[in-house]
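This report concerns only the one structure given below.
Chain naming follows the written order as A, B, C, D and E, and within any one chain the residues start at number 1.
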Amino acid sequence: MLEVSVRHRFEGFALDAAFKAPPGVTVLFGRSGSGKTTIINTVAGLLMPDSGRIASGDWCLLDTESGIRLKPHRRRLGYIFQEGRLFPHLTVRQNLAYGAWFAPKDAPRASTAGVVDLLGIGHLLDRRPGALSGGEKQRVAIGRALLSAPRLILADEPLAALDEARKAEILPYFERLRDEVSVPILYVSHSPSEVARLATTVVALDAGRVVAQGPAAEVLGNPGILPAGAREAGAVLTARVARHHADGLTELDAGGLPLFLPKVPQPEGGRLRVRIAAHDVILSRARPEGLSALNILPGVVHEVRPGEGPGAIVALDTCAGRVLARITRRSANVLGLVPGAEVHAIVKTVSVAPLDVGGGGRTKR
Amino acid sequence: MLEVSVRHRFEGFALDAAFKAPPGVTVLFGRSGSGKTTIINTVAGLLMPDSGRIASGDWCLLDTESGIRLKPHRRRLGYIFQEGRLFPHLTVRQNLAYGAWFAPKDAPRASTAGVVDLLGIGHLLDRRPGALSGGEKQRVAIGRALLSAPRLILADEPLAALDEARKAEILPYFERLRDEVSVPILYVSHSPSEVARLATTVVALDAGRVVAQGPAAEVLGNPGILPAGAREAGAVLTARVARHHADGLTELDAGGLPLFLPKVPQPEGGRLRVRIAAHDVILSRARPEGLSALNILPGVVHEVRPGEGPGAIVALDTCAGRVLARITRRSANVLGLVPGAEVHAIVKTVSVAPLDVGGGGRTKR
Amino acid sequence: MTDWLGPAEWSAVALSLQVSFWATLVSLPLGIFVAYALARWSFPGKQVLNGLVHLPLILPPVVTGYLLLLTLGTRGPIGSVLADWGIVFAFRWTGAAVAAAVMAFPLMVRAIRLSIEAVDPKLEQASATLGASPVWVFLTVTLPMALPGIVAGAILAFAKAMGEFGATITFVSNIPGETRTIPSAIYAFLQVPGGEASAMKLVIVSVVVAMGALLLSELIGRRVTARVGGR
Amino acid sequence: MTDWLGPAEWSAVALSLQVSFWATLVSLPLGIFVAYALARWSFPGKQVLNGLVHLPLILPPVVTGYLLLLTLGTRGPIGSVLADWGIVFAFRWTGAAVAAAVMAFPLMVRAIRLSIEAVDPKLEQASATLGASPVWVFLTVTLPMALPGIVAGAILAFAKAMGEFGATITFVSNIPGETRTIPSAIYAFLQVPGGEASAMKLVIVSVVVAMGALLLSELIGRRVTARVGGR
Amino acid sequence: AAASMTSALAEIETNFEAATGHDLVVSLAGSSALARQIQQGAPADIFISASTDWMDRIEADGLIEEGSRFDLLGNSIVLAAFGTETAPVEIGPDLDLAGLLGDGRLAMALVDSVPAGVYGKAALESLGLWDDVEAQVAQADNVRAALAFVAAGEAPYGIVYATDAAAEDNVTIVGTFPPDTHPAIVYPAADLASRDVPAEAEFLAYLRGPEARAAFERQGFTVLTE
């Protein structure tokens, strides 16, 4: 468990953040300028905070009180910088190999071929960064960090410059790192679906302070604290793969309720997380019939929280867990949704977006 | 109308692209490394292509055949670079003012205060770029380009580093540029919602070639040609603001059918575009009752196109226009959806995301 | 202090400062121009220009001085033309400044050139897209960003000018109050028995002056670097 | 061609090359180290070190040569210690190399320092996060990225060494075959009436050699720059 | 004037200016540099050279007033040794100079071009010593630098002007070369043809006068005028 507690003042900006990052992916979430990169830099040792303590178990990276300041090169990090920072004088191949030169020879190491393949940079290996496109640079930067056999990965918006398809290819790799290699990951992202999919823990920042932290499901299920407002609210459910159907659908078992998804890679019996965005849920009092939507979760209204606009968030308890629905207040009135009311949540199969399906991780709460 | 036709070879990459950019926003869309930045650079005059012609009406920027090569500084561009490129020796204020020094004194000019406000960089004016966060840099870069009184804006993923809330604030500004100031804009983006909202014309690129181009509604409605696959398909409808309701909803009139949205800024009678993503549409044979969804569009199945996975795209013709729905093939079978079948498209109010609502632009087709 | 050095020595110190100052100041614009041309343009004869600039470094100073005497002397091909216009270098302090400038030129150009080459052309491109013509790009981006190197180049030239001797004495001789700079005075002192003490005083003065200039350039350099904000 | 220059001249040419080559090569590591220290560290006495490095530029070469003689001569405080170890500079070509190296040192350090300062510290940080210790950061990032400046500095030093005269002759005199470099030979020729023609031949030789070195450095510099890819 | 006359001329300048009210400007450099500058039209009135060669050259070029040249000063060359108590030696053909040197160097000014070196070489040749020591000669660019080698103990012996050696504490004059072993060491002076200033004649006369003589002699020169 990584514990971070730092205070630092820039002119016009004060950082005062403390959080705990349990094993898995801890996502730093917050508006531009809220201090995400600054925190990552203190963990990397590139910025010496005015005061603070950063430690992982008994491995202490920084403790200003006792004067411990581990040099960056002793921290064994894989830092994916927000701005690439590839070495312009080295080829892509040499950039990728750079970290491995310095890693202990017996460190567990990702296969270069595998990472190169995953990132689709095989045809670029002999080029220099100056001749790469923006997204290509970013992919090489990811590869360089992953291949350095790090004990801790710091990823500052690693996928921002990539197209959706490429993101969809790379995200599962971070999941595997989280689940199989169990490298702790500090991850900065603006994308709710990335957060939902990867995060074990979410730390929400605002103006240099932590405004919320906790397990992903909890923080994401609370529309009040998420920076971008209600649009990003959604529930994260844990489910088990029940069956792969012949027509390309996978049936999940979420607390006894069936959920249909486009085929997922997990084997039958495997556990995974599914994010259901609040705005993708339609509610119906009666059990709906004859719809193209396959997933219908019966539940009981737990709470109706009016939003700032014409909308409201309805939280309902189903056997699969707490599900959020964002509907108009008009509909809430028409349907008579009050706590205790029985409703059906209708979720389109495909609106459980591929990006929002992740391996089970450690969020089995 | 900007006409671009360029050929250029890098080692290992050949660009051969020709497209027409009518007034408005032309979005270049394509995977990482497909040649978007390369094209923008030829328009900016920073890259001299092996051969080609770039002209806007009788204003010729480049014609390798007749030897015309306008110098970059004579092109009056506002280029928002993919990597910022702020001047490190100037303050933010000076960076913003830079372009204005060189613009003709009588050129129509955006108000500095307005742009600074829009971008939320008022507190940064006396800093230098070295002390800015990634997103802050990007916002200053946007401001610098907008304030140079350009005749043509080139924006290379201008919003990639920003959070959703900030994007939602800045996008309307680009719309205003498009609609009110009528500066043509070449815009690179990976985000389908940005594309749908801004694009007058979409040019889809793959490996240096144009694979599709045309009005936004047409290209976006054709799932086959979009790089990231069916998930990005969606229909763009044109509608008129019918009424602003007291409970914060706006009622649109789309070809006679009512559509409810969270309040939009356009006045009653104003025209706008609405994107309905294919995966946000649920189909029902019977007219559904008692749902939280307020928008129900009756229509007739035009075509059912099976996708690669377990899904299918159903195109239906409604009075509002062509609407796409992405459903499972299983549902398509169960519901008996064949061309000519009558169905109802159910669209949640709020799933018409704020980003996907744009001013009417020039797409009144 | 005034007693410590005689009036003749003070005059040498003042003259050295004057000569070095003007040598640096006047050659700076040309140095920047040549450095820019060498860094960013390619043109026929570029290598010849480059060689010419370095020539005074390679040649023994006596030779440089002699060549200056032959060309810029009142009977030299250029000197005689200039003399018709009333510009005379021979045996004037201006000639000492010319000699110092010529000798310091390669150092100045190298330093400035390295700094200009280190300016990211992408920033210059950005400037051009914002409407800056090449001259303005140079003035608003290249020049300010190369400032540390320009300051370094100027100070290097100034220091070199302060120490320049061989070419100066060969070209404009060693005339008190006109061309007898500190190094020439030191030379004269060293040529006679017992002159070491007087020479050493002048050495100390010139070291102090040059160190002052160096410190100043370090301060300027640091401020410029700090402004750019940790880069 | 062999006839054009006498054996004495050829020996001077060969010696000059030898002296300049070794002067450059041996002082390069120290030059890089000092340049790095000045560019990236702050330590007490930094300005003193900086001043010391520039001293040979400021002092008339004769003074520098004289100071070298006093310190590195067989009876000088350092020279006598070295002599006990069997290292003697006085009247040896190695002494000429030392004099040339000392005179060229400020030029070398300035050029290298400017290049090191131009290396983006962010890349050095990236290297550190990937596990490179400061020494490795320097070797794998700073050094290769500063290469153009290091080449420039080395060539500048070489050129200066080829032209160095005052300090050399004052320190190690002019012994044919041992310390009579091209500039010494040229000087000797110029001291007698009518010696200009012989001197001019040597001038041409030294110009040709130095231009060759310059061209080489330009080529290397261009290749390095091209490698970094348009930056 | 030749740079080796710096101190003497400084004294003479002060006195001359005080006595006549004229403003005298003395430019001190190597004779070769001065001669070349005169050839290139230097605005000089009087030239005092450290060697006859350069004066000859100037005269041949017709740059001096006819009949104005005269020999101003003389000097002698000596064998100087490092240290204060080196035993004197007899300078003659029997001198075992090579033996004295051991593996040390003999410091001289440039033996083919600088006057002190030329005289020294001539003296050694006429004594038949040159071939023995030629390989051990370390040539400096001027006689003062040669002396510095001896004074610093770098070279055990050197051949320099008597004027220089006498004033240096760290060296001993161990012998003087007989005048007949080398061409006469003279410093010729002449009025240059380029310009005519009334004070020229006055100064030339002053140089021959008793005050100048005293000043030169204080510096160890032999004054050749009467």
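FYI, a residue touches a chain if its C-beta (ideal position, glycine included) is under 8 Å from a C-beta of that chain, and two chains touch if they have at least 3 such contacts.
The chain list, named the UniProt way, goes like this: A, B = Molybdenum import ATP-binding protein ModC; C, D = Molybdenum transport system permease.
The structure displayed is predicted, hence computed values, not measured ones.
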Handout entry: Chain-contact steps, minimal, separating subunit E from subunit B
Key = 2
Exercise for the section: Look at all chain centres (mean of CA atoms) and spot the one farthest from the centre of subunit D. Expected result: B
Exercise for the section: Could you work out which chain's C-alpha centre is the most distant one from the centre of subunit A? Expected result: E
Practice task
For the copies subunit A and subunit B, give the interface type as same if over half of its residue numbers appear on both sides, and as different if under half do.
Solution key: same
Completion exercise
Cα centroid separation, subunit A vs subunit B, in Å, comes to 26
Exercise for the section: Would you kindly tell me how far, in whole Å, the mean C-alpha position of subunit D lies from that of subunit B? Expected result: 60
Handout entry: Whole-Å gap between the CA centroids of subunit D and subunit E
Key = 35
Completion exercise
Residues of subunit A that touch at least two other chains are 83, 131
Exercise for the section: Identify all positions of subunit D at which a residue touches two or more other chains, and write them in rising order. Expected result: 62, 66, 122, 166, 187, 190, 230-231
Handout entry: Residues of subunit E touching at least two other chains
Key = 30
Completion exercise
Touching pairs of chains in this structure are A-B, A-D, B-C, C-D, C-E, D-E
Practice task
Would you pull the subunit A residues touching subunit D in the complex into a rising list?
Solution key: 44-46, 71-73, 75-79, 81, 83, 85, 87-89, 98-99, 101-103, 128-131, 144-145, 148, 154
Problem - Complex contacts: residues of subunit C adjacent to subunit B - result: 122-123, 125-134, 136-137, 140-141, 144-145, 224, 227-231
Completion exercise
subunit C contacts subunit E in the complex at 62, 65-66, 69-70, 73-76, 90-91, 169-170, 173-180, 184, 187-195
Completion exercise
Seen from subunit E, its contact residues with subunit D in the complex are 30, 32, 35, 53-54, 56-57, 105, 107, 110, 112-114, 137-141, 145-146, 148-149, 152-155
Practice task
Please name which positions on subunit D make contact with subunit C in the complex.
Solution key: 47, 50-51, 54-55, 57-63, 66, 106-107, 110-111, 113-115, 117-118, 120-122, 148-149, 152, 156, 159-160, 162-163, 165-166, 182-183, 186-187, 190, 199, 203, 206-207, 210-211, 214-215, 218, 225, 230-231
